[in-house]
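Chain naming follows the written order as A, B, C, D and E, and within any one chain the residues start at number 1.
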Amino acid sequence: MTAKLSLRDVVVRRGEAEILRVPQFDVAAGEVLAVLGPNGAGKSTLLQVLALLERPAEGDVRLDGEPVRGRELSLRRRMAAVFQEPLLLDRTVEANVELGLSLRGVPRGERAARVRRWLARFQIDGLARRSGRHLSGGEAQRVSLARAFVLEPEVLLLDEPFSALDQPTRESLGNELAGVLAETGVTAVFVTHDRDEAARLAHRVAVLAGGQIRQVGPTAEVFTRPADETVAAYVGVGTVEPAKVLESAGGLVVLQVGSSRVEAVAEGFTANEALLCLRPEDIVLAPGDAAVPSSARNHLRGVVQQVTTLGAEVRVHADCGFPLVASITRRSMEELGLEIGSPITASFKATAVHLIPLNR
Amino acid sequence: MTAKLSLRDVVVRRGEAEILRVPQFDVAAGEVLAVLGPNGAGKSTLLQVLALLERPAEGDVRLDGEPVRGRELSLRRRMAAVFQEPLLLDRTVEANVELGLSLRGVPRGERAARVRRWLARFQIDGLARRSGRHLSGGEAQRVSLARAFVLEPEVLLLDEPFSALDQPTRESLGNELAGVLAETGVTAVFVTHDRDEAARLAHRVAVLAGGQIRQVGPTAEVFTRPADETVAAYVGVGTVEPAKVLESAGGLVVLQVGSSRVEAVAEGFTANEALLCLRPEDIVLAPGDAAVPSSARNHLRGVVQQVTTLGAEVRVHADCGFPLVASITRRSMEELGLEIGSPITASFKATAVHLIPLNR
Amino acid sequence: MGLIWDGVREAFRILGSGDREVWEITLRSLLVSGSATGLALVIGIGVGAALAFRRFPGRNLAVTLVNTGMGLPPVVVGLVVAIMLWRSGPLGSLNLIYTPAAMVIAQTVIAAPLVTGFTVAALGALPPRLRPQLYALGASRLQMLWLVLQEARLPLLAAIMAGFGAAVSEVGASLMVGGNLGGETRVLTTAVVLAARRGEFAPAIALSIILLTLVFLVNLVLTGVQLRERQS
Amino acid sequence: MGLIWDGVREAFRILGSGDREVWEITLRSLLVSGSATGLALVIGIGVGAALAFRRFPGRNLAVTLVNTGMGLPPVVVGLVVAIMLWRSGPLGSLNLIYTPAAMVIAQTVIAAPLVTGFTVAALGALPPRLRPQLYALGASRLQMLWLVLQEARLPLLAAIMAGFGAAVSEVGASLMVGGNLGGETRVLTTAVVLAARRGEFAPAIALSIILLTLVFLVNLVLTGVQLRERQS
Amino acid sequence: GSDNDLILATTTSTDDSGLLDELLPLFEEETGYHVKLIAVGTGRALEMGRRGDADVLLVHAPESEEEFVASGYGVNRQRVMHNDFVILGPESDPAGLRSANDAIAAMQTIGESAAKFISRGDDSGTHKLELSLWQALDIDPSGQSWYREAGQGMGATLQIASQREAYTISDRATYLALEDVLDLEVLHEGDPRLLNIYHVMQVNPQRHGSVNAAGAQAFVEFMVSDVAQALIADFGADQFGQPLFVPDAGERE
């Protein structure tokens, strides 16, 4: 199957600086792809290129396998893009949302009905007659979203679409939109800094850093098997430590990490140095040296070094021969009576360990 | 002790519409206060009033107990505000960050040193000579933050300061700034939609909705004992259900919620109807009807209705005689083998239940 | 000062009496300068949009030339256009010299740089990401231009007024290429000059007041249109 | 057309020969119109900032009046200023009529509405939240104004040029209040008119070319300053 | 401005001829006065005198001047010089003006053949002379399709007549100055009615205290002095092959 939208050998420059270089990138029809990455990675630029708004210095953008040359208007009209800033016009909210439909010459009656439907969906029907210039940040973002969704395009490109929304709205809207996207088979690419949102909404995730795509793949895979250290950091892998391979046989790898030994499952792993990656939620903590009875193969003793509360979740930084970050619930922490200096045992499965081979 | 910053009988209008009404609001010296609330609640407006940038139609703003009348310039110079949009000037990043210092006539040498320090802290030293007009969203937000922090003011007012930052930066910067704020005793008010951030950074939280402050109090209290349904929603209380008081004696209240009975601890509770509030992380789930052995007084049988994965956390919506939302770890979910339709038992302590009295 | 009051009184008298000649001259001013402004708008918005939106080598020079054009003295424009249109000139065969058409040409040359300059300023001040956002919503090039012009309607109103103001108030070029022929090419400014030559200061002031009233009314109408549009 | 080439040749000859009188006239044009533009800037930026930033009843009317002012015909301005400054006028005792000072006054009146109009447009197009943000960083009122003027420096450059262009290119007022006295109040435009009246078209065109070169150079210098500032 | 300044209001035609550029430095050197030469239409020059905004006038509209003096606005009016008006038209002379014996007859041919005619139409001396010729013929040309008022100075009017292949009347000095750029021929000249007489006069200091009476008197005296008259007699001879003005101080009308 040809990809809905793809890039080939794309390079984007600003003055001297090369800010994006993508040899190959494909978005399948109907998929929802999240783009993650540090500030200044080039995410917005990538989206601009996909939206046919920035012609790359080199390379092609392809829609349905066809390189885009000229004909932009008709192709652009099959897409809609929402920018990082709302950029509303100096007219009513209603008129702003209607804009793309008017530009396409949609008949007035249909226009009104669709606008009404999407205003309601984004809970801004109350603002319909207000000026687009006097809205709060979140209100403006909703209008900007409605303005794109009302077009019901084949391809949606969203740049940090929910960054200004309040949390309950963000969650409910996220769910609702996921439904809409799935129903209508829209192809969507969205940039976000919220990895939970990416995890919840995206089929696949691309991680961009320094203008290059470091990894693309199914969400779960990118989250659990990051391709490099940077990706690991951006998908929330808490522990990334250099490790020496001691033994490797039958898919079981034994590693020296700091002063501890760790067992990992990794088929066909041949490097003799690696980065060990562990997600915080894959680590179970027990007080003292009473490991929780379980199928985990790794039980490391250590001492709590730092505790950070993130709402219901608590991040525990412990020294287990190497610095390790575990995530436990607030309740568990209270029950376990953990505090700085408490001795603990950290347990995790050999399958929870992901190894990035290092070829020094 | 007089408050650092306070509002008395403040009313702000836009045209006919009243968008803010605050009879009383105090921010103590050295405290960090988070403002939460839905889009359009009036949070940005509140900040503008506190920053002496919008003179309210009625009422007073007081700094160190003194109503502000005239003298704005000298008072404003003791504060710094960061707006929701970055609004950088058309000059270099360096010059942007230096701006407030130049305005205050700080000597050139000191200016340069401070600018360098804060550029480094926000990891934008590499952008120093770039134009403020050609930055990515997150880069611009960092510059905007550096521009305020470099002033090292007595009072900092921040409107969604981290909304465009990537997640690792957001976390590390959050921690670092918390340190800086604590060290220097700066009074800070910040608006955020991220309740974890509020929980992590703020001493107190104010929840604003519909232009009114619904609740202010120590962070933990607001999060666990919301004053009303709206507050409950914005601080992440998953379950808010109407309940009838069946018995109330010695601080123990027995309630009928849907078709179930729930026990709650509530001193001096006299209403006979209430809203029952339960945070998702306070609920433990067990498969079938094998309640986890614990000190919990409430064990309700139910059926899983919906499961939403949020990164490491999983939200389970269950019907236990009334709809109930629990948060468990992904690992637990896998271990328990929960899926839609699975029978479960939900356990929670009587002290985890918060009751909002209803006076119908 | 007394003269000025006399002029004001005279202006009311003339307007009240419905002097046919004055009405004719006023109408001619409006038509000639209105047409010139219309042409200047077409040119000015076209060139202005190109200068505001495109980056090309020599763009700075082009902007400087436009700004220089704001200093084109009407007499010079009049002289050059006249030299072109005189019978001995390259366009003499068109027989346009001393016609309202010649005046429209000269006034267009005078007004166009102002309109262009204002247009560059107005469009250049829009948020730089607005244009791609409009394209992203499916605007064609022309639709984009139309939308950004509407966004910049307040400063563009100033552009129109500056253009119309320059056209309707200039006298050097109109005299030179129009000839101030009674009943043919006499417009308000040239009539003012004639009255002033004659030492008839009160009528000169009266005509000036009529001219300013005309400009004011055009202004009011355009402002009104612009306000109405914003509401709808 | 031949005339125009003669004029161009003549312009080079004059410039090459370093004709003292022409240099003097050019310098006077620069001084008179430069001073007028300076005054117009002070007035125009002050009034323009007030109109752009403040909301008060009658603001729309004030903007309309400023726009109308862009249509003030130089002859009318000249006439009114002359009536004031003539010996018979209320300010006659100042003895300003037929002096460069009188020309500065008249040209200021002509240039000020243009500068004001452009300033309103330039400042009005800035992001509305920019001003509070500057206040929030500790700017005083004046510092705020200074900063927003720098932000709007491109359109303000156009404002300066429009003002200077209007002042240096007008002739009606200069003739009326300056009198075109050789060696005293003769400036480039009035010299052009005199030459044209005498049928000396080539020198008229030569002087026009010098005038336009002057405007162009002023423009280049200002653009240069503005570009340098942006880099620093 | 000071007591030394003398405001001379004159017609554009005298200024345009360049005569005053030669006379004024002489006067200034001789008397120490500083002359501000304001070249305007005759009508405006007289109005400036009437209002006391000028000190001395040099104009060529005898009837208006007499009225001006009679009403007490002017004093010490002296004849300075004259040249003459000529009737001009295209070389083809469609109305056949060349055969006319006098100015009246010439104008009659124009009126009767409805040949195009461009009038100054600005109340100047030239315009007044033209009107007096029509009046003598009992023709009211205003509003006629062949008759147009330029409402401008002599130079512009000549240019219009030239471009439109029309007839017009001009003073000889201006015509000679512009001859090169015009397609106009002198078709009639020499009629005594076509005499163009210039007078100088002081603005009445009795009416306007601020007037520089001494300077004005000195200027009047200078203009009729032998030095000035001699200079006028030569002026233009080298450039045009004939003098532009005939000095005639002291002559009666």
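As a working rule, a residue touches a chain if its C-beta (ideal position, glycine included) is under 8 Å from a C-beta of that chain, and two chains touch if they have at least 3 such contacts.
Here the structure is a predicted model, which is why all the values come from computation and not from measurement.
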Quick check on the contact graph: shortest path length from chain A to chain E, in steps? 2
What's the fewest number of moves from chain C to chain E, given that each move must go to a chain touching the current one? 1
Centroid comparison with chain A (C-alpha atoms), farthest chain: E
Measure off the straight-line distance from the CA centroid of chain A to the CA centroid of chain B, and report it in whole Å. 23
Euclidean distance of C-alpha centroids - chain B vs chain C, Å: 57
Residue ranges of chain B touching at least 2 other chains are 85
Which residue numbers or ranges of chain D touch two or more of the other chains? 127, 196, 201
Multi-chain touching residues of chain E, meaning two or more other chains, are 48, 153, 156
In contact, pair by pair, are chains A-B, A-C, B-D, C-D, C-E, D-E
Over in the complex, which chain D residues touch chain E? Could you list them? 86-88, 92, 95-99, 179-182, 184, 194, 196-199, 201
Contact residues on chain C for chain A in the complex? 127, 129-130, 132-133, 135-140, 143, 147, 150-151, 230
Quick one: which bits of chain B touch chain A in the complex? Just the residue numbers, please. 14, 37-41, 43-44, 84-85, 134-139, 141-142, 159-160, 163-170, 175, 193-196, 199-200, 233-234, 236, 279-282, 284, 308-313, 327, 329-331
Which residues, counting only chain D, touch chain C once they are in their complex? 1, 3-4, 60, 63-65, 67-76, 79-80, 83-84, 89-90, 113-114, 117-118, 120-122, 124-127, 152, 154-155, 157-159, 161-162, 164-166, 168-172, 176, 188-189, 192-193, 196, 201, 204-205, 208, 211-212, 215-216, 219-220, 223, 227
If we count contacts the way the header does, which residues on chain E are in touch with chain D in the complex? 1-2, 7, 12, 15-16, 18, 21, 36-39, 48, 51-53, 153, 155-156, 177-178, 180-181, 208, 210
